[in-house]
Structure formats: C-alpha cells, structure tokens
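Labels run A, B, C, D and E following the written order; every chain starts at residue 1.
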Amino acid sequence: MSYLLKRIAFYIFTAWAAITINFFVPRLIPGDPVQALISKERGQLNADAVHSLYVLFGLDKQQPLWQQYLDYWGQLLHGDLGLSFTFFPSPVSEVISSSLPWTLALVGITTVCSFLLGTGLGVLAGWRRGSWVDLVLPVTTFLSSVPYFWFGLIMIELLAGPDSIFPSSGGYDPGVTPGWDIDFIGSAVQHSLLPALTILISSMSGWILSMRNMMVTVSSEDYITVAHAKGLSDRRVMLGYAARNALLPNVSGFALSLGLIVGGTLLVEIVFSYPGVGFQLFQAVGAKDYPLMQGIFLIITLSVLAANFIADLAYLVLDPRTRKEG
Amino acid sequence: MIEPLIEIKSLNVDYGLGDEAVHAVRDVTLTLHRGEVLGLAGESGSGKSTLAYGMTRLLPPPGVVAGGEVIYHDPERGPYDVLSLTNSELREFRWAETSIVFQGAMNSLNPVHRIGSQLTDAIKAHDPRGSRQAREARARELLNLVGIPGDRMESYPHQLSGGMRQRVMIGMALALEPKVVIMDEPTTALDVVMQRQILGELVQLRERLGFSVLFITHDLSLLVEFSDRIAIMYGGRIVEQAPAKQIYTDSLHPYSAGLLGSFPALRGPKRELTGIPGSPPDLRAMPTGCAFHPRCPKSFEPCAQEIPVLGVPDAPGGSDRTVACWLHPVR
Amino acid sequence: MAISTVDLQAAAGEAAPSPRPAKRQKFRFISNGKTLAGLIILGFYVLLAIFGPILSPYDPDARGSDLISPPTSAHWFGTTHLGQDIFSQVLSGARGVVYVGLLAGVVATVLAVIIGVSSGYLANSGGEALSALSNVFLVIPALPLIIIVASILPSVSNTVIGLVIGLTSWAWGARVLRAQTLSLRGRDYVDAAKATGESTWRIIFFELLPNLTAVIASGFVGTVIFAVLSEITLAFIGVSDPTDWNWGTILFWAQSQQALAQGAWWWFVPAGLAIAILGTALSLLNFGIDEIVNPRLRSAGRIKGKTVRMRIGFTPVLGKDNR
Amino acid sequence: GGGSTAKGNADGVLKVGMPNGPQTDNNNPFLSSSAGASLGYRRMIFEPLTMWNSAKPADKAKPWLATDWSWSADYKTLNLTTRDNVKWSDGQAFSADDVAYTFNLLKSTPALNNNGIKFGDITASGTNKLTVTFPTPQFVNQVKILSDIPIVAKHQWSSISDPATDPVKQPVGTGPYTLKSFTPQTVTLDVRDSYWQDLPKVKEIQYTSYTDNNAQTTALATGACEWSFVFIPNYKAVYTSKDPAHYQIYFPPSLGVHGLWFNTTKAPYDDPTLRQAISMVINRDDIFNQGEAGYFYPAVTSPTGIPTPAGESFIAPDYKGQTVKVDVAGAKAKLTAAGYTYDGNTLKDKTGKPVTLNLSDPAGWSDYQTDLEIIKDNVSKIGITATVDKANQDTWTKDIDTGTFDSAMHWTDSGATPYQMFASIMDGALYKPVGTPGVNGNYGRFQNQQATDALNTYVNATDDATRATALNQIQKIMVEQQPMIPTSAANVGGEYSTKNWVGWPSTSDEYAPGQPTLINAEDIVLHLRPAS
Amino acid sequence: MTDKTGEVVLEVDGLSKHFPVRRKGRELLTRKARSVHAVDDVSLTLRRGRVTAMVGESGSGKSTVARLLAQLHKPTSGEIRLHGKPVDTRGGRRFRSYVRQVQMIFQDPFGSLNPVHTVRYHLSRSLRIHGNTGGNLEEALRELLTRVQLTPPERYIDKFPHELSGGQRQRVAIARALGANPEALLADEPVSMLDVSIRLGVLNLLRDLKERLNLAILYITHDIASARYFADETLVMYAGRVVEGGDSETVTQNPAHPYTQLLIDSAPDPDRPARADEVGGEPPSLIRPPAGCRFNPRCPHVMERCKTDLPPRLEIGDTPGHWAACWLYAEGVAKPAPVATGEAAG
C-alpha cells in the first residue's frame, strides 16, 4: 500500500514540477501576445488596435508573475483552463477538444501501427540477422531520416492531385459536416491516408532499430538454445522467447510515445493541413497564447505521466525481475 | 544392452572455422544403447558439454560440427543420421526423441516466463491438440516428480534456488518421455537426498519407459552408482569406456585412475587423495601423441609419438570395454 | 591430502608447448561490409563538414543571374530564386548539420545514459529524483524550450543549438534505459560485481552499460536523426546560426518558395537526400555493434570460400546440407 | 469546365479559402481573432455604414447602411442618415438605434474598439437619423468610422452579458448571408431571402481554412478554392500557369508601405546622407520581382514613398512623376561629398570606421528575407558589408519594440490617406526612446519636430488646402531625411478564378480591392455572376 | 604474523530472510501477505583459519545466507557482526570496506560473470579495487589463474565467459574472489562443476590459504564428503533453518538430526549398491512451512511435540560443540544413539 502511495506522491510531484515549468517557461519568451499578433499580421492590423487587444486579453493590468501563477492554479483546480488568445474568446478546453480527436485518431492509430509493424520487422531483422532482412533497416532509416515535411511534400507531389484518391490537405472534405455518418467517416479516413502513411514510414525505423538490437542482444542467451532444444517451432522461439525478452525497451518507448500522442506531430499536421493539436501548439507558441499553451502542456503532462505509469506497470508485467523485493 | 540407440561415429566438433578453430571434440565414437545409462566423466574443459551439444546440434556459435555421424536408431523409422536432418525434422526430433538438460540449467530458464508455462510449451509444441488442463496437470506432475511443490508453477525462475531451477529443467526434460535424455551436470546444485530421489525416479522411469540416459557429471560416486557404463574424456577424446563397476575397480587408463584417486570418501577412514598433477592440455596446442602423456606417471616412449586409438584392450576384464592408451595395446 | 598447491604449480610450470596468446582483432567489426559502408559514408560527411565550405565552387550567398535554373554544368544542383548555387549551399551546409547532429546526439546520449541508468540502478531517493527529473523533461516540450533558450541567448551558434537539442532530448532515452536497467540490476553478475567491491558508478558504467549497448546504440542513432531533424525544423522556424548555411536553411528557402510546386525539385531534393543518407549511414554503422552487444557473435565468421551461417539452435555441420 | 469544380457553379457555390489554420466557432465581428474575421465571412453577415474602396482610397465611399453622411468642417461631428427597409436576418427591422448602440458599445468596451476611436455623444433621432460627436478631429479616421465598423443588432447584443468574450454563435446581421454550418475547417454561409438589395447569384459560400500557404496555394492551383489571399512565390509557375485563362491575380497597392528601417539613433545610420545613399542603390525591381514574387507587395517608385496609383493624387507637385532609380555612382559621390571615404572597396564613415549593416527579420518571413538578401547584395556595391540575421520572431519583435536593432524590413500602418503611413514613419508623438518598449510606430526612433508639427497640422486642419500643404511638407522631409526607405507598397489584393464566377475586380475595373477579408468582399460577391 | 586462528571474523545471530510473494486475484482481498521463509533464525560464526561447511537440502536457504552475509540482501531480521561490530553498509565506502574483508563466490558461474567482459577484466578489477596488484598486474593475473589451475594463463586470460566450460567459469569466479584477498570467503558451491582432480586442487588451495593467511571460509556444498575432508565445522540446513552443527568428522560420521542422517545415508557411494527406494516425503513448502520442527512431516522418529514446538539447539554430548535442533535430544527423551555411518542405516 505504501508503495502505491509513494508512487502517487511521486507522480503528483512530477506533475507539479512540469506544470510549473510549463507555466514559467513560455513567459520567458520575449514579447507578449499582442505584439506577437501585430507582428504576425505584418501591417494588416493597424497600430490603433493595440490598446483594444491589451484590454481584450486582460493584459492591461500589470500583475506580478507569481500572482498570475497563483491565479493559474486557482483556475486549474476549478477545472478552468482559461480563454485562448488566438481564438479569443473561445475557452481553451473547447479549442483543444476540437483538435484532440483528430490528433488522437491519426497519431494514435499510426503510432500503434508503426510500433506493431516496426517491432515486428525489428524482431525479424534481429532474428534473421545476416540475411536479406538486414536491408530493412537501412531502407527504413533512410525513409525516416528524411524530414517529415520533405517526405510529406514529396508524397503530396507524387500521389495527391485533383484526380487522386489521396486528398492533399485537411481532415475531411470541405463539403461534409462532421458527424457519425458514412460520408464524414469515409472522408476523414481518406484524408488521413497520406498523413498516416507519412508518419508510419517515418517513425517505423526507430522501433525496428531498437527491437533488432535487443533481439541481437538476447539471441544467444541460454534459454533460447533451450527453447530450440525443446523443438519449439521457430516462430514460437522467435516470438515467445527472443522477442518476448527483447521487448522491454520497446514497450517502454511505446508507452512514452502513447503519452506524447496528444502532442500531435507538428510537421505532418502542417504539411497536410491536418486539424490537430500539434499545429495548434505551434500556433500558440508563435502567438504566445499562454492559456492555450498551458492547456496543451497540461494535457501532454497528464498523458505522459499516465503513460509513464503504464510503462512502469508494463515493466512489472513484462519482466518479473524488475519487481522490487521487500 | 543389445540394441544401439545412438551411435556417435568419429564426431569432431570445433569452435570457430579454419585456422582459428579450436578442436574441442576429436574423433569421438560412442554408442548409447537402448535403456542404458551412459556416464560421461572427464576433466573440466575436456569437451563433455561440447560433445553433448554438438551431437544434438545445439552448440551456440562459433561451434560447428566438423565431421562425423550421429546415427539414431529410431524404433519406427529405422536408423538415420541426426546431423543430416533438416531443421524442421530436427525440431520434431528434439525433445520428443532426445531431450537435454543443460549444464547452465540455472540459467537456461527464460527469466520472464513462469515455470509452469515453460514446462507446458514443449508439450504443446509436440502435441498441439492436447487440452490446457491436461498440460498443466502434466506440468504439475513433473514438478512433483522432481520434488518441487505444485504451487511453484507460478514462480519465476529468479525466485527459485539454484537447485530448484535445475530440477525444473530435469522435469522438463522428461516431459515428453523421450527415448534419450542427455543430462549435463544436472545435479550440481542438488543435495544428495534430492539427487537420489530424482535419480531414483529416473531409474524407475527408465525401467518403465525404456529410455536411455547420457549422464555427464563430475560426481564419480554417483556415476558409478547409477550408470551402466562410463566413458572418460580427456582433451576432447574418449580415453576409456567400460562398465561402471569395472572402471571403479579396475581402470585401465592412467587418467581414469587419477580421477578415482582424487575423490574423497564419505565413509570409512579418511584416505590420502592423490589427484593428478599438471594442467589440462591446451586445445589449440595439443601435445603430440597421447594428450595425457605430459602428466602421465606411466608415460613411456610411444606416448609422445602417436595418438593411441580407442580399442578393446588386450587385457583381462572382458570385451565390453575400450581404452586408448599405449599401455594397453588394442587387440 | 597428498598433493599441495605447490606441486600443482610446479607441474603447471612445465606445461607443454607454450600456446600463442589468443589474439583479438580490435577493429574486427570493420570487416562487416555494412558497417564499413556506414563508416565510409559517415567519414565522407565528416570530410564534407570540414572541407565543404572550402570546396564549394561559389559563395553560397552570392546572387547570380540564373534564377531557379535546373542543374547545369555550371550549377550542379541548380540555383535558387536569387540565383544562388545550391551545390555550394549543400556543401557549406554539411558542417552545421553534422556538427549539430553529432553534438546533440552525444550530449543527449550521455545524459540519457547517466541519468537513465543511475535512476534505474539506484534504489534510493536519488534514483527516484533522477527518474522524476527525466519525467519532467519528458513532459517539457522541446521545441518551445529551444525557441525560448534561443531567444534568450544573444546569438545562436551551432554549438548552442546542438547543446539545446541535446539537453532537451535525453529524457526519452533515459526512461527506456531505466527500464532495461531495472531488469539488469538483479542479474547475478551485477551482484557479483557489487560483492567484489566495485563502486556504484563503476557498476553503472562498466557492468551495466556494456549490456545496454543495444539500447544505447539505437538511442544514439535515433537521437542524431532527431537532432538533425530538429535542427532543420528550427532553421525552419527561425532558429539557426545566421552566419552559416545548413541543409535546413536550404529546405526552408525551398519550402517557402514552394520549390516543388514550381517544379524546382533540384532545390528540394538534394538536401533532403543528404539528410536521409546521413541517417542511413548511422543505421549501417549500427550493424557493427552486434558483436559488442553480444560477444558470442564476435567470433562467428565465414571461411574457406564457403560461408557457414551460424545459427543459434542449429549448429552447422560442415560438409552437410541441413537446409 | 469539367473536373471537380464544375459542381460549384451549378450549385451556386463559391469556394473561398484562407491559409489560417483550424478555426473555432466564433463569429464576434469585432474580434480579429474570430473565425469570422480570420476567414472574412463576417463581412457577408455584418455590414458597414459605407462601402469604401481601398484600392482607390481617394474615391468617395458608396452608401451602404447609411444613405447619407456629413462631417462638420472640423471633423468633430458626424451626421448620418440610415437606410430604411433594412431587415436583420432574424426579421427585425434595422434602425439608427442599432448604429447608436454599436457606437456606444465600442465607446463603453475598449476591448472591442479596434480602431481606438474616441467617441463623444451619440444621439439617434427618429428611426434613421444619428448624430455623433468626437472630442478630436476625425479627418484621418473617417473611413474607419464609416467603413470599418460592423453594425450589430441592438436586440441581440443588449442581451449579451460580456460582448468582448462572447463568440456570438448565432450571428444576426443585415448582410445577404447567414451562417449555415461551422466546422473548424470549413464554414458555410447561405444566402438569405430578405436582403435589402438584389439577392446575389452566389447561393452558398464555403470558407475553408487551410493550414498554411502551401496548402492554400495547392488548393488554388487545383481549383479546390476559387478566391484567396496568399503569398505565392513564382505565382506564374505555381498558380496561373495551371489554368491561364481563369486563374487571376489582382494586387492593387494601398496606402501603406514596407521598407527598410534604420535605427536612426545609432551612428552611422543617424546620418540622412547615408540613408539616402543606401536608398539610391536598393533595387526595388529586384525586390518586387524576386522577393515579392513580382506581384505581392507592389514596388514603390515615388521617392516620397507614396504607393501609386493608389496615392497618385497625394504626391506633392515637386515629386510628381519622379521615380527612384539605382544609381551606384551617384550614391558614392554623395557619400564622398559628405565626408565618407573608401579604403579599397570598404566604405568608411566620417570617423574612419568601416560601415557595416546588420539586416534582421524573422526567418519565417521569406519574402522579407529575400528582400534583405537583395539589399545586402545592393549595399555591397557602395562598400557596405551587410549581414542578414534570420532572427527569432519574438526576439526580433522585442528588438524592434525597444529599438535595439540596426536595420530591418518592416511595415507602416495604412489608411485612407498617406497620413497613417507617414505618422507611422516619423510622428514624434509615437516616439519612444531606445530601450523603452511599447512603440506603435516610428520604429526607427526618428525625431524631427517639423515632421511632427506637419502631421499635427494635417490631422487638425479644417480645410483641404492646409492639409495639402502639410502633406507636401511631410513628403519633403521624407525625401530629404529618408527616415526609412520604402521599397514596397502594402497590398489589398487577392487570387481568384474566373472559371465558375466572373465579375471580379481587376486592374481594368478597380471597383474594390481583391482581398476576401476586407469590407469590400461583400461588394465583390454581390458583383459575381456565373461564368456563362 | 601472530597466530590469530580461531578469532571470530564474521558472526550472525538470529538471521532471517523472508521474500514476499506477490498476491494474486482473490488473495489481494484477503490482505494477508505471504512470503517465502527462505531463512529463519540462523546463527553462525566464521573464525579465522577455519572452514565452516554448510550442507543441506536444495532450496533450504544456503545461498540466501551467503547473500545475506555478503550484504546483497537486506535481512528481515537478525544482526551481522564483523569483528564483533555490527555491520553497517549503508553508503558506498562502508560497503566497500566490508567487501574488502568478506568476499563471495556465487553459486552459478553461468550467471555471475558478465558476458561482455573477458576473464582479464573480471580478475584485474578484483585485484585493482583492493590494491592487490603488487605492482605488476600481469604477473598478479597469471598467478591468480595459475592458482585455480587455469593454466597456462595466457590461454584463458582473454576469453569471454561463454568461451569457457562450466568448470572453467567456476574457477574464474573463485579466482576473482581470491583476488580481493579477503579475510572471510563465502563460497557458494564453488567446486560443483569441477572434476574431482581439479576440485581437489582447488580445495587444497583454499585450505592452504586458510592456513597461511588465516582465512575464514564458509563452504556451501552438496558434496558432503568434501565437507568432511575440507571443513572444520559443518552445519546442516533444512527448510531455512540450521538443524545440526558440530565438527565435520562428527557430523558426517555420527549424524544426530534425522535429516542429517537421511542426508548422509543418501550420499552416493560406489561401494554400496544403489538403492532407489528408501527416501520418502517431499521437501516442505517455504511459503507455508510446517509448524514445529520443519522436518516433522518426513521424520521417521516424529513425536507429537515435533508438530507443534520448534526445537531449540540441543547439545548431543558426544563431542563438544555438536548440537542438533531436534526434540529427540531433549531431556527426558530416550535418545537413539546417533546413527553410525555406513551400513547401519537401512
């Protein structure tokens, strides 16, 4: 029981530290939201608007930073994330909830697929070391070292077009209204194909590489020989013995990447105009939209910590030796 | 002991290839008969484990089988060479026909699987149709056989003592009731009560099922007690091979004699132990002639010149023994 | 007992022919073709990084009269909208990329190893604190942090960028290493080292670390690639060494001028490929670590014209075909 | 015809796009952060009092919700007559009361008062008469008051508790369209049946928000979007060549400029001669063609910096017809005459120090970056070594704000007269010493009492002649002191396709600017007809 | 050097170690934590120049005792004293100064050598840490290897553990412990994989060290005969408890505790025919150890009292210091004569 309490205290502390840092760090960026907005518009917004914007964002009253910090916690504990500046006056929660599902669906599914596929290929590459499977690694690394946006743009150039089944941008057809109907879902899936493919191809090599290396590490352990001696099928030895034992680092990496899903993938979202969180965060940083930044950071924090917790549990399940005695 | 079960014919096993190769097993010819317990003893590093793994093709890299044959006399299919089997044939052959208890038994259990599942998966691999309950019951039975309470099915290997892990491996080896069980120092971590109990079970089982055992150990007293025949290895070769009692009472090879002079007795007056002076030969730079001659108290002229061949000695004691020593010219 | 150790040693002294000491080739892993290829490519990049700016035929900034011209004999990789020579830009850009990538990769890997392994090995509050630290760093989004650091510092040199990327991207590796360490720390050989009296850091670096090589190597490759991509992303959003070209800057220009849509593929393709090949070289290099992570693979070889494939569980039989 | 866009015409759909990323459901017409403002659809729902054409700023505005308006000579009192027979989209009648309410709303809610207008008394009389007084002359602000304030319905807004933070989910306006559906990516407007003018031919407008310029450009090039405002490098290759018959760009300048600013407090840039010399070597054509892709920010050719043709009528007689030309020799002569020396190819200032120039702009602004590269190359011709600093946007903004920069490409305000632009450049009232943040103009920290006085005179003048004299004076100072070097004009343009819809403004028919987010957007839509 | 033979080096009192067992499913609700009672109330003393053998059932906690003594596990209870002072090994320095004096040889040579390091590394570390290189590391290494009969040393020095046979690894492990030049050596089945002749050599080496350097040795083994030959004192463990102790000759020749008798009796002996029928009963579960004497379910002489009360150490009286934890030797119980070795048992 006390172990659990200790864990909880540990996570609460980490969350506090992370949230605090995420509160202060953005405020260290020079400038303020109004200036950022003015600069962004480059003359499209007259200097006369400056005052009204300060008033609008409530930045006209000078408050010491610590006071803002306390207020922030006050708000947070009431479950209030504040109003976004960029999308003023939409509440941050609303802004995030409009983009989160997209990110979760796209990045979530691709992360899972990329992990499964990558780990699978990694298992093969490690197991069949020295055969043609060795090629998989350089080829996939080649693909993943290509900058995301570069790859995405090339894909758009090559695959997308007016008559292609791959739309080049957006989360769904401009014509359809979001809802749980065939039209919308079909359109959403269609729009997610290229971004998903891009993410998949670019992120797979990491899983392959680490899995392969771990497979190589465990491949000559005695229990593998024993498994062979038992006459188990090659598949069973490869999966049940070698891969199972090599899996730990990948699983912990996977848990972490699950936590980071909510952060979205900035460049893919930019290239494919995908309505996700990553792009929003990028915008928020550019616009110094503190409330939105904090909101997104908060969600990332919570989900990363949750993922960490899952990872911790996963170790216990996957490797009994990591369990502490006493 | 009429029928041969496994005939090893001039088996050579190397570590490494080409010039770098270490010849760990040289020209070993050995026959394991149906239903017999063949003891294999010898100096540490003399190639016992290498022989055991080489003949089953389980030697990890850089081990290679450099030549020879391992003829298995399958009661149903007739004799075939294990070394020529394809990988999938070999997989079927393994555990069902020949199971093996590794020397590093303490380390040969997969640390992340429970004991129970490691016991059952071999059964499953060879009999995919059996029910899970049946497999588990069998696993429990096997654990009991080796003196481990059934509630340890759920334990992970690191939660067991060294001896318990060894016993799990022994139990596992018996899971499919194979024709041959190769045991490489299976009892190093077992107390004598347990040893006796398990070996007793083994002997009973053997009587019931008629399998054969290749038993590698350093415990000569145990060997003499439990095996029918004993082969002694030195420097990668078999130097002597004879019925257990005969080796004990009347060993021909000076190395065997040295071994027997080295083990302490539990009962009776403490006697002087002699040991064998000198150090084991270097596998890379074997002495010429008989590998043992630099340490041999009785070495004489031909020993350094030519390698003695293993053969039936021209000495009293019957024809069911062989020795490779110039002192005992072959018939 | 009859014989004493003295006897034994005496006997040992006269041991037969003195064997040649087992020699180990230090750089044997180079003999692996893939690793060698990786090394050569990487070496080429390092050379580019050193000599690239000297070798470039034009000043990468100089404007010329051929605007957006496809590759010609004068401009091997074509020109930009300002008539700058892209080949020269690629050559000059290598330094920044290689330097930042490797610097960040090394910094992040070293931090990940120190913090990850220590937090996994130390069972005390120090370990917990390190683990909390890596959690916090995992949560802090790197990109904003880099922007912030860059905007606080007066000038952003490549070193600063490399350091910042390195300092913000170690947490992932640390977590993964921690997990693996947790599983290793109960091994007998760790206990044995402890019982021998090894100090904690020595256990961490010399007993645990080599057994984590697999994870570290893949982490390193990943971090370098990540660092290079981050650098490019940063160049993209405006954080780059203003005095230096790097491939990110090239891509930034290409992208902002919509090179692809303009059909100016030569502007877009070389820098991207160069980055990808760098990543590939690293992954090829990774093949060389096999024998380090697994000493058993070290002596596996092929000889006498014929290749003998060593396969665990199926010892090769010379002269017989077991396929 | 053919392709996926054929359907647009048949269904009467117009597809508009902006590269502004996902939006949130916010239709508050006063908030520049709203989706309505960002995509421009607020212009189709809410209408101004008058329709002013920023492409021809000197032209008189068209009556819209106001049928008649007049200013007192001192521009402190405005008399308005509002249109009768106008109905809000919820069926209620529009009246002068609504206008009064809107003005009062801005007066009492500074947060919504984007133009910083200081209102005095606002009195409505009858259903269509309104008098508004102001504490200061509003000559320079008249367009903002009449054409930039969206008029909102009193009956809806009086029940909104906090107008500054209300997203106005169901906007009620006098415009021809109503909001049909909102998604973060696409907003659809429907034409309504009871509009005070003839109903537009466009039955439905789809506003799509693309994540960035590239996506927007692609959409334009494929025809997925028919009207937008986005920077397209090499637009010929990327855009118009895809369908030369239909894809058009139209980028008239407006009265604002972009140019190279100096920190005029810092030697040697405090020397007007140096600034003039630099102006003489900057190749504005290269900047226009390479940096601004040959269309985006039209080149400024008048030495006064006033963009033409929009500001043609304001140019002082002394400078009429003059254009700036690259003159390296002249610049060198000017410099040596003023005491500068050459050491080989290096220019040295009067104290003997080599002249160097640090040009900085945020990295993301690729057109400015290109401009700077060109300027760097240009000034090297007169021996100045320049470096281009791709600054971090925040750092850069701060540097401009506190005056800690050497020189940078930057913009000015724009308006109906060149006043806003010149005030931005040299108004002493906007001056803040270096180190003090919060500048809203005069980024170069230029101090010249004459200029400040002339600007003041312009604002407060009660007759056109005084204004003209003041403006001429200002132009003189601009030319002689060169507080900044204008290179390009601000634009009010747009890209559109005539494939499905015709009737767009163009260089031959400049009835409106081309941008889909300006007030004139409504006017444009009302002009559109299906292409045959 | 003054003869300090007999001086106490390491001493433990009432040492216990319980490993928690994870609760699963339904048990989670019943709140009662189960644990493996690996070691219970073990007391022993290691003296300079003396070898204490520990024999006993497999799984009876011998290795755990050794690990506890090496400070690799934290005892659940009990005190360990080094030179009479309670041991405190918190903190690296104190721990290292402890291991300088107390070294352990692990039972499993397949697990206790780091697969990525060569023999050279393993040995030179142990020499270096404790400053025992004597100026010439290479020489010291050679000597160490020679001592454990890994000769010629060049042949083994650069090998990786996987290139060695089981016995060779075991000798490397021994050499490593010797390299530290400890005062007390905890040897957990150090020679189980050695052939008798080398075993003899190694044991002789240990004996020689013990005599010359006054080493205190805990010798855990299953080879009772070697305990007889090599150890001065022998302890017998059963199910986590020490059940008998005394000088080796007495314990092996006149075992008092029924378990010891069983053990001695079961020892293989080529001079006797194999008997496969005599042992009965199963080793007890350590999760729920039997109440009273833990041997009671298997004991041929079981009495009512054995099932409830834990027997204390009881003097046997045949030789000084020979004791057994068995009610048979309590006052008032008719003592069966300690079973003589050999044919007597049946």
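We adopt the following convention: a contact is a pair of C-beta atoms (placed from the backbone, for glycine too) under 8 Å apart; a residue touches a chain by one contact, two chains touch by 3 or more.
Just so we're on the same page, UniProt names per chain: A, C = Peptide/nickel transport system permease protein; B = Oligopeptide/dipeptide ABC transporter ATP-binding protein; E = Peptide/nickel transport system ATP-binding protein.
Because the structure is predicted, anything quoted here is derived from the model rather than measured.
J.: Mind listing the chains that sit against chain B and also against chain C?
T.: A, E
J.: Compute the centre of every chain as the mean of its C-alpha atoms, then state which one is farthest from the centre of chain E.
T.: Using the mean of the C-alpha atoms as each chain's centre, the farthest one from chain E is D.
J.: With chain centres taken as the means of their Cα atoms, state the distance from chain C to chain E in Å.
T.: Averaging C-alpha atoms per chain gives centres 47 Å apart.
J.: Please report how many Å separate the Cα centroid of chain B from that of chain E, as a whole number.
T.: 27
J.: Can you give the whole-Å distance between the Cα centres of chain D and chain E?
T.: 90
J.: Roughly how far is chain A from chain C, going centre to centre by Cα mean, in whole Å?
T.: 23
J.: At least two partner chains per residue is the criterion; list those residues in chain B.
T.: 15, 58, 60-61, 87, 90, 104, 107, 158-159, 273, 275, 279, 282, 284, in rising order.
J.: When you check chain A against every other chain, which residues touch at least two of them?
T.: 29-30, 153, 220, 222, 225, 227-229, 319, 321
J.: On chain D, where are the residues touching two or more other chains?
T.: Where chain D meets two or more other chains at a single residue, that happens at 214, 218, 362, 393-395.
J.: Provide the residue numbers of chain B that touch chain A in the complex, in ascending order.
T.: 56, 58, 60-61, 87, 90-96, 99-100, 102, 104, 107-113, 121-122, 125-126, 156, 158-159, 169, 172
J.: Taking the touch rule as given, give the residues of chain C at its contact with chain E in the complex, in rising order.
T.: Checking each residue of chain C against chain E gives 1, 3-5, 8-9, 12, 15, 18-22, 24, 187-189, 191-200, 206-207, 210-211, 213, 292-293, 295-296, 298-299.
J.: Which residues of chain D touch chain A in their complex?
T.: For chain D paired with chain A, touching residues are 3-4, 15, 21-26, 28, 31-34, 110-116, 144, 164-167, 181, 183-186, 206, 208, 210-212, 214-215, 218-219, 222-224, 256, 258, 362, 365, 393-398, 401, 411-415, 420, 424, 430, 440-441, 490.
J.: For a test of understanding, state which residues of chain D touch chain C in their complex under the given definition.
T.: 213-214, 217-218, 221, 232-234, 237-238, 290, 362-364, 366, 369-370, 373-374, 376-377, 387-395
J.: Name, in rising order, each residue of chain E that touches chain C in their complex.
T.: 67, 70-72, 92, 95-96, 99-100, 103-104, 106, 108, 111-117, 125-126, 129-130, 146-147, 149, 151-152, 154-155, 157-160, 162-163, 173, 176-177, 180, 200-201, 204-205, 207-208, 229
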